[in-house]
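The two complexes that follow have chain A in common; it is paired with chain B in the first and with chain C in the second.
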Partner chain A sequence: MSSSARAMNGKRSFKLMIVDDSNIMRRRIERSQQFEELELVGSAANGVDALELFKKTDPDVVTMDLTMPRMDGIECIGRLVALKPAVRILVISALADKATAVEAMEKGANGFLNKPFTDRQLNEAIAELMR
Partner chain B sequence: MTFSGTERRRQLVTAGIGTALTLVMGAVLIMGFRLATHMRASINALQTASALQAYPEEISRQINSLRDRLEVRAYSGQALADLQGTVTRFDQDLKQLSASGERSPQLGRALLLWHQYGPVIESVVIFNGQPYVDSDTAGSSLSREGREHYAAVKRAQLFASDNAKALQEQLAALATTLQRNSSDAAAHLRTLLLAGVLAALVLAAAAAYFQLTRSRHERAARDAQEQTRDILKTVREGFFLLDANYRIGSVWSEALTRMFSREDFAGLTFEELLKDLVPSATLATATKYIKLLWGERAHENLMKSINPLGQLEVTMDNGHGGKETRYLQFDFHRVMGTEGIKHVLCAVGDITSSVLLARELQESQENANAQLDMMLGMMHIDPLQLVSFLDTAETGLKLVNTILKDPARTDQEFRKKLAGLFRELHSIKGEASVLNLTSIASRVHALEDMVGECKKKKELSGNDFLPMVLKLDDLLAHLRSVREMAARLTALKDTIPGAAAAAAAVEQRSHKSAPPAGAPERPAVRPVEDLSPALQSMAARLAQDHAKCIKLTLSGLGDVPAPYAATIKDCLIQMLRNAAVHGIEAPEVRRAQSKDDTGVVQVLFHKVTDGYELVFEDDGAGMAPETLKAAAIKKRIITPEEAAGMDTRAAMALIFRPGFSTQQDVSMDAGRGVGMDVVARSVYALGGKIGVSTHPGKFTRFKIVLPSAEAVSTAVA
Partner chain C sequence: MLYEQELKTFVEGTTNFFEVAAQQPASIGSPYLMEGSPAVHEYTGVINISGKREGVVYFTAPKAMLTVLLMKMQENDFSHETMRDLVGEVANTISGNARRDFGRDFVISVPSVLTGEKPDMPHRPGVRSFIIPINWRSHSAKLVVSLT
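Take a look at the complex of A and B:
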């Protein structure tokens, strides 16, 4: 799926970046995801940091909060996709309105998950993302 | 898609079979033609061969005749001429037969024989001289030419006797062969024609079969089309397809016309469809969403989950000149073709009724919750007190109903009605508030508001009272449901031993404290309730609502005789409310005046020589005569001139005038200007007196004197 997707034990491996301004939520996502092939390369608490980290670590999969200080998720999605069109972005947000979801998808997000979510929902959404 | 493929395949098969059969037919016809031509040739040959058979014998016979003629020196010219003719015809016919392409061995052998025979006869037939010496008459001798001719004839005769038979046999055999060939060819032709007929039959059958299946398929297609039309006509959802340019296709279900109140949708873009119906922001989101649907990035479930048109509120003309709000549900499904998304199927449902139903459900849920809250609140109320309240409230509302029905014509009469309604409602509201029955209090408050609105109107008519009647009905219904609930609660309490015992205790105490009315043989008379808990709870609530600290001390209320109970209760509720709203100051105000934060309200009921005395006193702000006068002027209860002529006593009496209030804001507890006039009227009704004394900044004291209860009982009875 991407140039940096590497072969590992015969399986493709993906680099994961988590973007969320809540420390608890970042940990929750990291712990709940059950994919061996996902390797966490970094977490960011706002859009600006996320962009920096993205340039350094070149992740394949990103989970993205929408409401964040400094740079919101929608803008961040646009910038990440501009940097790397093949990146897969899962929006994880408490914003339940459909217009925001459509906006995020338009900017280049690949999936949408509403907070609060169950582990199962998270894993299904990630699996769908990596397909 | 599948259908048209099948159709094309069938057409190909039909064309293939048709071509094959046509080719077969063509081949049969050509072969038949050739065979017929061949047969004609054979028959000609056969005829020739049959004719030829006779020649050798004829030739032999003519040679013999010629020889005989020559031997008897008779005239031989004619015989020779006959032989010449026969030989020439034979030779011609044989050549013709040979030239016709007949290649049978018999003919070959016959030709060979004739080749040997020919020269022999040739020498005979070429003769053209004089066979005899002198003349061609009988009896003459042969000339030299004649002798040679005679020798040739004799050779020919000899040859003929040896070979003529063989030649004839060959020619006969040839005729037989030719005949056999002809009959074979005829048989072939018959077979061929049969095959041709069969092929034609098969072709016809195939054509018929394909025509049949085609018409069957056409019928099926027509049926399918008709069914599709029926489905589109009948289905309740609006269905249409969007193409890659987000335009609606040429087919849509009829429900769509009803939903969007338009006839033609073909070629309309999705944006145009919604343009005038939804806000621009929603339209923009919808357009983006449709674009995302065409991109295959997001799978259908995800797209479904972010569908912004799942419950779309649209405003459209209702066809009667007005606007109407409806809720539409859009569902989108990708229709996949061989090269990705071919169409997007859009299903629109009118979910207005279910949305409204959901709202109703939510409302009724909220109602149920409110009822539950009320029920829980009611559990803290003494059942007897509750029943007493419900009775009073019902009576009060019946009175309200009577007032509403009172005939009135003049504005004055209407205003009088309004004032009466106001007083009654206010009193019911007050009692409901005491018992914390907020659901009732708020409903009465709403009704009171309606009365208040009416009061503001410059002109009144009977129609202004109609909404109040409806509201009153609602209120009475609510009261009934509260009563039902109370009954259920009582039943519930009865099943709990502790509660039952407590209820019994309450009952007993009530009986004890009401000796005049509580006689067992008069169960209809309600026992006197203990007012204290209700008043204390009211005081606490009032203090909380108005951010004040209030301490209520009650004394002697247990001695209130039954006939006075209701009035005393009403009066106390009203006065307590007034004290909490107008009298007791806010803690910071009190502090500034070096008073204790907590205001004290004292109630004392006791027997005096010729009756009873109720003293109600608060250590609040008191009342200044000038303030009272100003308020009364503002309310147009008195004129400024009247006010100028009033002394302190008359000014104090203003508070008992109907419609008087000094409170600016209208609240549940005070400010309506109804209250003390009701108290005063009820006291007067019992033959009592009411007085007020006050000191600004210090206190307000009401004193109510009532005659002895027995006098009232008898008077009432």
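Take a look at the complex of A and C:
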């Protein structure tokens, strides 16, 4: 995990950014994640806005959709990792083919969760990401 | 041309969506060939398909069904924009999941959303469309798959 992760009440805290073109999905991820140490610093609906927000808020953890307008998630992952190699990225996408998951990991993602997902699956994937 | 096994992929994707996202299984009927104009409900999420296959996949549902679906998803915004968001997300999820069988060359667009019961539905002449009926709680919806 990034050295920029901060201490909060003796616990490390991590800044979270959520990227998805669906408002419903962004709210769902925010509502369902159960980690006190995650502080939501912002949400974006496409890769272009995500890049801008990333530069302003310097998140440690990012959830990333893939199919989005303006800039897709695969390209955005590459750009985020170039800006901050230590960022931890969880792809949350409906795209269920193995080749896409492999490409996302090769670009620098650290985990892949298929939509639809349960709250438990989401929290397990985030826990794995922060380990 | 769609094969039976390919239609099964969409039936399974639809089944999985309701089981996981709505936490309540839907009854998915046998696909049948669409004849004439497509019957649509108030909200329709459309995914354009390109790559090794071309066509559209769309999910169409009434507002009442979407409202209950949003409730089951713990959502508390039931605005017109949220309904549009939801039909697009359902269409996107089922189409994206189909890549498990169709592969990455089954390229899906971002969703576009049509509202009203007589929208101009995209249709390619000569391409057969199949309707997958969805019954969930007391509501009916459809997934329409129209691929070369």
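Worth a mention:
By definition in this document, the second predicted complex is superposed on the first by the 131 of 131 C-alpha atoms of A that agree within 3 Å, B and C clash if a C-alpha of one lies under 4 Å from a C-alpha of the other, contacts with A are read in each partner's own complex, and residues count from 1 in each chain.
To be clear about the criterion, a contact is a pair of C-beta atoms (placed from the backbone, for glycine too) under 8 Å apart; a residue touches a chain by one contact, two chains touch by 3 or more.
Owing to the predicted nature of the structure, the values given are computational and were not obtained by experimental measurement.
Clash-free side-by-side placement of chain B and chain C is the outcome of superposition onto chain A. Shared-chain residue A:F112: touches chain B; no touch with chain C. Of the two partner chains placed around the shared chain by superposition, chain C is the only one that A:L95 touches, whereas chain B remains out of contact. Using C-alpha centres, the superposed arrangement gives chain A a vertex angle toward chain B and chain C of 70 degrees, stated as a multiple of 10. In the superposition on chain A, A:R31 makes contact with chain C only, while chain B stays out of contact range.
Contacts of A:V61 after superposition on the shared chain: neither chain B nor chain C is touched. In the superposition on chain A, A:I126 makes contact with neither chain B nor chain C.
Contact with neither chain B nor chain C is seen for A:V41 once the two complexes are overlaid on the shared chain.
Between chain B and chain C, C contacts the larger number of chain A residues. In the superposition on chain A, contact of A:S22 is made with chain C only, not with chain B. Aligning both complexes on chain A leaves chain B and chain C separated at their closest CA atoms by 7 Å. According to the touch criterion, the shared surface of chain A, contacted by chain B in one complex and chain C in the other, consists of residues 97, 99.
On chain B, the positions that touch chain A within their shared complex are 281-282, 285, 288-289, 291-292, 297-299, 302, 305-308, 310. Chain contact summary for the complex, chain C toward chain A: residues 16-17, 20-21, 70, 73-75, 77, 81-82, 85-86, 88-89, 92-100, 102-104, 106, 108-110. For chain A in complex with chain C, the touching residues are 21-25, 27-28, 31, 67-69, 93-97, 99-100, 114-118. Against chain B, in their complex, chain A makes its touches with residues 97-99, 101-103, 105-106, 110-112, 128.
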